[in-house]
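Before anything else, here is the set of structures, which you'll find just below.
Here subunit A shows up in two complexes: once beside subunit B, once beside subunit C.
For the complex of A and B:
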């Protein structure tokens, strides 16, 4: 669960940088709801590449995979288990 | 773009405490009584009637009826939503068949071809086409334009090829989204793919709002959600009407009463050697920038309000663009669905595949591919008539101002994205006013090259831009 907290903290920092100081729950939609933008999705992709070794060109990219803290965490677990 | 995707609960209205809480149009979707009423028969009828009346502001009665009648079906029997959405646009095509059989026939052929491509990409995911279906689609369309340019005028093949190009230009991005979403689509139900090829609520060649996979995610799942989404749709339509009225008033006041020339007029006057006064040139340019921004907000409100009335809680097309603090933020807020198109079709595929070890280079290249190449490609295929009229090379040359515009925009966006984002500077002036002014100034100056008439060469536009800064050559 340390990883989930790390993801939560990172997403929260992205929100804060966009001027969104509202609370963040782990299941909440980030991109489809418009709280985060496409460029934030790029930041999340780079974060996942650097910290979890995820290669989206291999597994395919869908915004749903990174649309909430829960979804991001699930993705990291799937990729870790696969490896 | 910070509204929650689907509001599942309502809350009691609160009085506005600060100026930021003030809403010109009340948030009726948060009023429990309104939401309950919108779920009753009289409420549904009232909602549809209000929407129809509002829509009449933009469209003639036949167009209003063509949208409101299917919407009524969707509202009263929402379980048939996808069926109605898939069937209604095809019925409209059949009705139009008598007007221009060749054109409409080609549109049918394109829709059928799009479905075949979609099914092939799903059936053979590991084939060359199955791995890169969108690249094949766009390359194929480019080849079709080249072939059409090569066809001898006044022949049957010439007419057929250009009719096919016209139909493809309408559908290419819709089909592209379907191909892109091929893995996210349930095997048993592809009705939304068909519906999203030609949305009932209308669209430009940019899909409003994206493809079927997105529609599935934002679809109202029960009566309460439908009522909330429809109330939001009605609100957005009212917002569009208010903006439209403001635009009409602005045009009358600035161009009629104050006699400020339009930017096209000011440019033409400069080119013909009788330039308007310096301050008038600036005023016309600033007005042009605001008029374009307003136009996209109105256009988006018109389409997305219809989409919401059909039960899809799509994000607004324009969301407070004038409050953007960075160039990238403005690009995101100004014409959201076009930006999404560029990001989905050009930015992500480049960014996720190439130069992964070089963060800045990777970002810059992907931005240039999306904004410089993607944006140009989008306009090349959208305005295919230039190729038909002038031939390939002359047609291509007519885009020179647009190419320049896109390269400057890509440069601005790259710089904006590469600058490290940190906490906002404190204070209204440094934290808000100056960044916003800088962004608006950039886009306002860039709009010198945003004229889509393509009457004058790039040199004329550059000369005009220089004259705004007292440089004459």
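For the complex of A and C:
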């Protein structure tokens, strides 16, 4: 669960950088809702590659996989289990 | 207290002090009419890049764009996309969904047609992406070199080219970033294509470096086609139209204004004014003229509404179309039928119209005007209702259609005048006057001087620009008496001056408006 907090904090920082100081809930849509832009998706991907060793060229990429804090956390757990 | 005569000299003194700072390329100082002074400063790019660290941020931004390209190819949809028509990553800013395929189809067809008008024979394409243009244009060329910074994307293009063997040999693929011209000689291509890539360049200096090199490798008589450029003068209109589209009915005007401001401030793409390209004509001697083309197409989306093409002609130009007297469209608000009758009256002379209201964006303009004047507590719903009104402008594609094959006329439209209302100019030339030649040189109406103040936005650069302004303020405090320290220092791309050498008042206003 420490990881989920880490992810939540990271996503919050992306929002703050784009001038969005609103509250962030774990289940809300980030990209499909437009709260974050496509460049932020790249930032999230890079965060996951560097901190969780996820290789999207192996597992494929879909915005849905990273569209909420919950989804991102679930992805890290799936990949960890696979490894 | 200084007397007026003394104070009149202050701008020159302050300008000279500012120019001594390595972060300043040019400075223009003016009394701001409120008892203070405003300094307009053109920053020195090497200082921003090397001393303040913008170069690192630029590299990082480029890596992220490359990553975005790579990721777009890792989706399920990309795996099943047809060869030569891979539109991954093209999402509507309005709906955040992929732009409908038929609209992408039209976008591609009109882009290809615009490039083929330039009769490419040996072409270098920067940022070929999934090869959509290469597949269609290479077959008509002797040589086609396609470059892209994403290996993932190029691998796909290579695979697809294998399936279409006639092209495979004529297309050379290069993996490199846009600013890498190693091994490409001067005057070795007749066309360079940059289509829908410049918005991903980190800053204007990078773009200038790329275009300088592009112009260098083009032979006299050739051209550089920069396509699908996002328009800076229309950015407020575009941003407002997106936010209004997305806002729930009850969102207040106050909230909408904040959202629009945030959208503009946080836009990560490079959004450019046509005046930037016009100014290149004076900075790059090889360029003989510059055209600013509206996009063709019937689809109604952000590409047709808010983007344009710039064509840099290298070396010998064609002879000018003389004596095109431009009539102000608004004086008579002619319909297309009326224009057609005028053409028939005297089919031997070119006719020109200026300030033609642009039907593609009239609704968005009306919404922005209403938003600007509205009470802060009005709602999005009320705003939408108020801006429903009769469209009086002419759709650019309707104008283009006047130049259909059998009409006896060819039609040229231009956004060179760079008006923030997106109105355009048109010239209709008897076909026989242009037959056999590429497009004619036309004496298009010119932009207001204030449009040269800002050539582009500065995505991701606020930190560096603010830091520069801080340092310049310190520099002024160290080198000037207190009463001569500028109240405002505003970064601009050009210090526009009147013929007498003073800072142009319209330019000052434009600079202040943009920075607030």
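One rule holds in what follows: the second predicted complex is superposed on the first by the 83 of 83 C-alpha atoms of A that agree within 3 Å, B and C clash if a C-alpha of one lies under 4 Å from a C-alpha of the other, contacts with A are read in each partner's own complex, and residues count from 1 in each chain.
One rule holds in what follows: contacts are C-beta pairs under 8 Å (C-beta built on N, C-alpha and C of every residue); 3 or more make two chains touch, one makes a residue touch a chain.
Because the structure is predicted, anything quoted here is derived from the model rather than measured.
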Q.
After the superposition on A, what does A:64 contact: first (subunit B), second (subunit C), both or neither?
A. first
Q) When the two structures are overlaid on chain A, which partner does A:45 contact: first (subunit B), second (subunit C), both, or neither? A) both
Q.
So in the superposed three-chain picture, is A:19 touching just subunit B, just subunit C, both, or none of them (first/second/both/neither)?
A. both
Q. Just subunit B (first), just subunit C (second), both, or neither: which does A:37 touch?
A. both
Q: Once the structures are superposed on A, label A:79 by its partner contacts, choosing first (subunit B), second (subunit C), both or neither.
A: neither
Q.
Quick check on the output: what are the common subunit A residues between the subunit B footprint and the subunit C footprint?
A. 19-20, 32, 34, 37-39, 42, 45-46, 56-57, 60-62
Q: Could you please specify the touching residues of subunit C with respect to subunit A in the complex?
A: 64, 67-68, 70-71, 74-76, 89, 91, 96, 152, 246, 262, 265-266, 268
Q. Along subunit B, where are the residues that touch subunit A in the complex?
A. 1-5, 183-184, 214, 217-218, 315, 319, 328-329, 332, 339-340, 343, 347-348, 351-353, 356, 359, 363, 417, 421-424
Q.
Using the touch definition from the top, list the residues of subunit A that touch subunit B in their complex.
A. 16-17, 19-20, 29, 32-35, 37-39, 42, 45-46, 49, 55-57, 60-62, 64
(Q) List the residues on subunit A that touch subunit C in their complex, please. (A) 18-20, 31-32, 34, 37-39, 41-43, 45-46, 56-57, 60-62
